[in-house]
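Letters A, B, C, D and E name the chains as they come in the text, with residue numbers starting at 1 for each one.
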Amino acid sequence: MVMLIDILATGLMAIGAFFVFVGGLGALRMPDFYTRMHAASLTDSAGPIFILSGLMVQSESYLVAVKLFAVLVFLLITAPTASNALASASLLAGNKPGLAVKRSSAE
Amino acid sequence: MVWLDLYHYWVFAILLMIGYFSVIAKRNLVKKLIGLSLFQSAVFLLYITMGKVDGGTAPIIGMTDKTDIFSNPLPQVLILTAIVVGISTTALGLSIVVRIKEAYGSIEEDVIHQKDQVE
Amino acid sequence: MNMIDHLPALQVIVPLISAPFCILMRNHMLAWAVAVVASGAAFSLAILSMGFVSDGATLTYAMGGWEAPYGIALEIDAFSALLTVIISGASLLALLAGAASARQQLVDEKQPLFFSAWLLALAGLLGITITADAFNIFVFMEISSLASYVIIAAGPHRKALGAVFKYLVMGTIGATFYLIGVGLIYMMTGTLNLEDIALRLNDVSDQRPIFVAAGFITIGLALKAAVFPLHVWMPNAYNYAPHIVSAFIAACATKVSLYVMMRFDFMVFQPNLVGHEFQFSYFFMPLALIAILSGAVVAALSRDLKRLLAWSSVSQIGYIVLGASLTTEAGLTSAIAHMFNHALAKGGGFLIAMGAALYYTTTRFSNLAGLGKEHPWIAAAFVVIGCSLIGVPGTAGFISKWLLVSAALEQGALGVLIISVVVLSSLLAVVYVWKVVELFYFAPRPEGGSSDVMQVRKPEMLLYMLVLGLVAGANIWFGIMPGEPLALAGQAAQALLGGSL
Amino acid sequence: MIYYFVAFALIVTMALALVRAIKGPGLYDRVLAVNMMGTKTVLLLAVVAYIVDRPDYLDLALAYALINFIGVFAVLEFFRNRDSKLAELAERDETGGPL
Amino acid sequence: MIELFNVFLMSMLIITALAMVSSRHLFVTVMLSGFFSLLIAAIFLLLDAADVALTEAAVGAGISTVLFLGALALMDVEETVRGEKWIRIFSLFVVAVTTLALVYAAFEQPAFGDPNAPIHQHVAPWYIQHVPIHMDIPNIVTGILGSYRGYDTLGEVFVVFTAGIGVLSILGDPVKNRRQRVVKKAGLRHYLIPRLVGRTLIPFIVLFGLYVQFHGEYSPGGGFQAGAIIAAAIILFAILEGEDQALKIIPMRGLYFLMASGALLYAGVGVATMLMGGRFLEYGVLADTMVAGQQWGILLIEAGVGMTVTGVLLTIFHAFAARSNL
């Protein structure tokens, strides 16, 4: 059983680490702001879900698990909100998505 | 390697250099304040690194099973105070910069100096 | 416990606690009154503790009941008692004299904030002098500095802002340098209590970090004390501050930094660092000599009374540093006595500027011409205080200069150089004081410049004249009977060189 | 061991975010990078809490998450305050001019 | 291994600092300074300074970013003038001399982490040993901060207080400044989702702040951090709903009162101990036993710290915001 939990936790955290890293890569390599934001914000939710649940599985006491859960919930609420606010602010400021602009000019 | 053993100290020295340089050389008042806070952060790092004990843990008893070595709490106390002092200085400095901007229309030291000379 | 035992704590706590009360006052006169009462209380406490330490005793107080290296200890000895008297006296007199001036230069509704900051500056300066803990000095240094920035920035001219910003940047660099030095010392000794540091430094075999720490602390404090090449913030800050603030800050702020510097260099480093004495003296003596001359020259060239006084401060701080850099008992006595005498003279000088500005709005020379005919008492007081600045026999300034000269004579050939610089700068002082005296008495009043700009209330004016008379009288009194301050200075010098805290 | 691996991945990602924050090119990119950095720090704290076996560090993680959230809004407020200036800057974002 | 993390984070720290200083655009500098704060806070945590890390995050990444942005809203965000050459050379010279002094001091220091270094021998072990005996609280940092060096903390509170009245005195009363502006500002009302989420979260943030305040004896935290967090929550409210709304909840008079009464509460505890026969800030006399007295004292002064810090930070925020409302 303990073994199983360890494997589960390891798997979850490895997936989380992968998401986090991919998100970072995307934020660095993508061509314009909106695509970068896309990469960053998606993985900003996926990474915490996996990493924190990996930690939660291994937690020794309920208090720790609850705290981790609180952090997770908080991140899941705030991260998308912040992304949303940022994207709409950028759009309102007249900053057009780069890919869309390219396509429309190609047509 | 003696040099590598002291890398915390070198980081402190480099940060200090960067902050200090920016305070003296930059003509923009906000930049000066940013440099000042960098300068102070470097000193915080000096204190905190000297308090670290190998294999130690944060000086809070009882939340951990290990009956352990604690890192030195005193530098932490001092730096808590110093951080507060730092933010107070920054806030005051910024408010003066805001007033300067209103009075002179610029936050560049050279421009301000010129306007003072004209009078 | 007896209330008397709490004396060192009360000295700081009284002004500190009064500050929050000040901002809750809705009426500006009430805020002023709170400030006066608190300063008065601090002054009487200072006089009281001076009585206790005048026979060489020290008052100590363990904050929170924790003994010294673990808790923070307060300590009043002869040196700090003298400083507390200077600080609280300057605050009290400036406040009493400056009621009208504050009304002239500050908006009524800002006065509660202003006086609250004033009390914090006072408490900070007192806290620095009384504590015996290296880090606690930093905390109170920051209280006094931040509060000084605030009260200087209240100056009506926009140039005050630029001056304060420069002061803020340089002051913070100085404080941070001090913090680095304390950090290095703490790293090598593990303690923050000054006495304990001095003891434990003996056992430290690796002297390099200590040596560097001594450098950082000395330079950081020299920056705050406006010692010569680091004085660039000072003249403008004093010049553009509200007059009431100039009178207070100029009389005591830089001296407190000098006090901390002397305590560190003589009590902590001197007995423990090989050759520190010579480093200190070789480093500071040339700077002091240049400061004495250059300050006097710029003062002699300036065309504004406050500017003149501010630059004269650069020169006078040079005297104090010069006395200290002799590292002899006579030299230190002269330096410490000069702290007191210069506070009297410079505080008085800025009081005159304040009075002149009450009638003529600015302190430019072109505005002040002929002041002697319309306000003979102010002009007469200036003559007395000017003589004290020059060092004419019979005034307070003479005593410390005489002590300095006699201390220099002990030095042999070097002494001749020092004495010639002192004589030269005294001549320059004659020039700049005479310039003002001539202006006051012999220049014609400019056309249309004599309009009284504000209604000066009778009681405020009476108070101002009273304080001015008192200060001018003190300049003569302590020139003829230098008794108490000189005795304290002598004791302080002995304690500094004795190496015991 | 997995903890170290995750922590390492987080630190590398922080470095990537740092590159984005320095490179820009636009203002919003930098805000995005700092926000990303904030989330990664929160995760790093949680993982470090496990590595050094101090569950009380999780309080810190919570505090960080919260401060980070407020920071984004402060930035938005700043942008809103400078609407006029903003249009001009946004144009330069398009052209990729240095900021 | 943790060491290795430290090396990485510190290298990033230096890169960030360089980028901050060399960037010509002030907004970028401020954003990077937020980044810098998060990094240095993580480093502090890895160096076992949990309380300091919390403070640095709340102050550096939170409050100081808000302040800088508030000030930047009022000025040109681009650095136009470059210093003259001789100034740069002179600065380089000064900086080089300072650094040389530091390098000179480097090699005779105790090694990093050496448990035999003097600072781990003299005063600190006494604290670690005596905090459980004298006041029986787990967080040694809080114990030292509140009691052994309580006088320093008193000074700290008054530093914050000075900054508060200083900013007020320099920038003027926010309410009056706001009245003079024509444009009324309504906050981020057109951002629907953020507003909704933000408003829901504010009570939880305040709750968390209170937890940090009153749990500071057991876990990282204390009055200062709590004050910063609660102030941040109210600043969030002000950003979302407009400062007028925030000023309706806590008016300026209330903020004055909060600032003053926090400082007075702290000093008042000291005076009370004096009147009860102890020394200034000797909490032991507040209750029958030493331990209970100390705990009461620390609780009260932490409350004072929290009040003052909340009041001052909000005051400063309002003072800046009222100016930027042009």
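Just so we're on the same page, contacts are C-beta pairs under 8 Å (C-beta built on N, C-alpha and C of every residue); 3 or more make two chains touch, one makes a residue touch a chain.
Not measured: the values here are computed from a predicted model.
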Both-way neighbours, i.e. chains that touch chain B and touch chain A: D, E
Both-way neighbours, i.e. chains that touch chain D and touch chain B: E
Two chains sharing the most C-beta contacts: B-E
Taking each chain's C-alpha mean as its centre, the one farthest from chain B: A
Distance-maximising chain from chain C - centres being C-alpha averages: A
Centroid distance [mean C-alpha coordinates] between chain E and chain D, Å: 20
Distance from chain E to chain A - Cα centre to Cα centre, in angstrom: 29
Inter-chain centre distance, chain A versus chain C - centres from mean C-alpha coordinates, in Å: 59
Rounded Å distance, chain C centre to chain D centre (Cα mean): 47
Multi-partner residues of chain C (at least 2 other chains): 135, 139, 142, 146, 149-150, 153, 186-187, 192
Numbers and ranges of chain E residues touching at least 2 other chains: 50, 72, 102, 107, 109, 117, 119-120, 123-124, 127, 149, 152, 155-156, 159, 162-163, 166, 170, 188, 191, 194, 198, 201, 219-220
Where chain D touches two or more other chains at once, by residue number: 14, 31, 33, 52, 54-57, 59, 62, 66, 68-69, 73, 76, 80
Every chain pair meeting the contact rule: A-D, A-E, B-C, B-D, B-E, C-E, D-E
Touching residues (chain side chain D, partner chain E) in the complex: 4, 7-8, 11, 14-15, 18, 21-22, 24, 27, 30-31, 33-34, 37-38, 41, 44-45, 48, 51-52, 54, 56-57, 59-60, 62-64, 66-71, 73-78, 80-82, 85, 98-99
Parts of chain B lying in touch with chain E, wherever the complex brings them together: 2, 5-22, 24-28, 30-31, 34-35, 37-38, 41, 44-45, 48-63, 69-81, 83-85, 87-92, 94-99, 101-102, 106-111
Chain E residues touching chain D - in the complex, by the definition given at the top: 1-2, 5, 8-9, 12, 15-16, 19, 24-25, 27-28, 31-32, 34-35, 38-39, 41-42, 45-46, 50, 53-54, 57-58, 61-62, 65-66, 69-70, 72-73, 77, 187-188, 191, 194, 198, 201, 205, 208, 211-212, 215, 219-221, 225, 229, 232-233, 235-236, 239-240, 324
Residues of chain C defined as touching chain B within the complex: 135, 138-139, 142, 146, 149-150, 153, 158-159, 161-162, 164-165, 168-169, 172-173, 176, 179-180, 183, 186-187, 192
Sites on chain B touched by chain C in the complex: 16, 20, 23, 29, 32, 36, 39-40, 43, 46-47, 50, 74-75, 78, 81-82, 85, 88-89, 92-93, 96-97, 99-100, 103-104, 112, 116
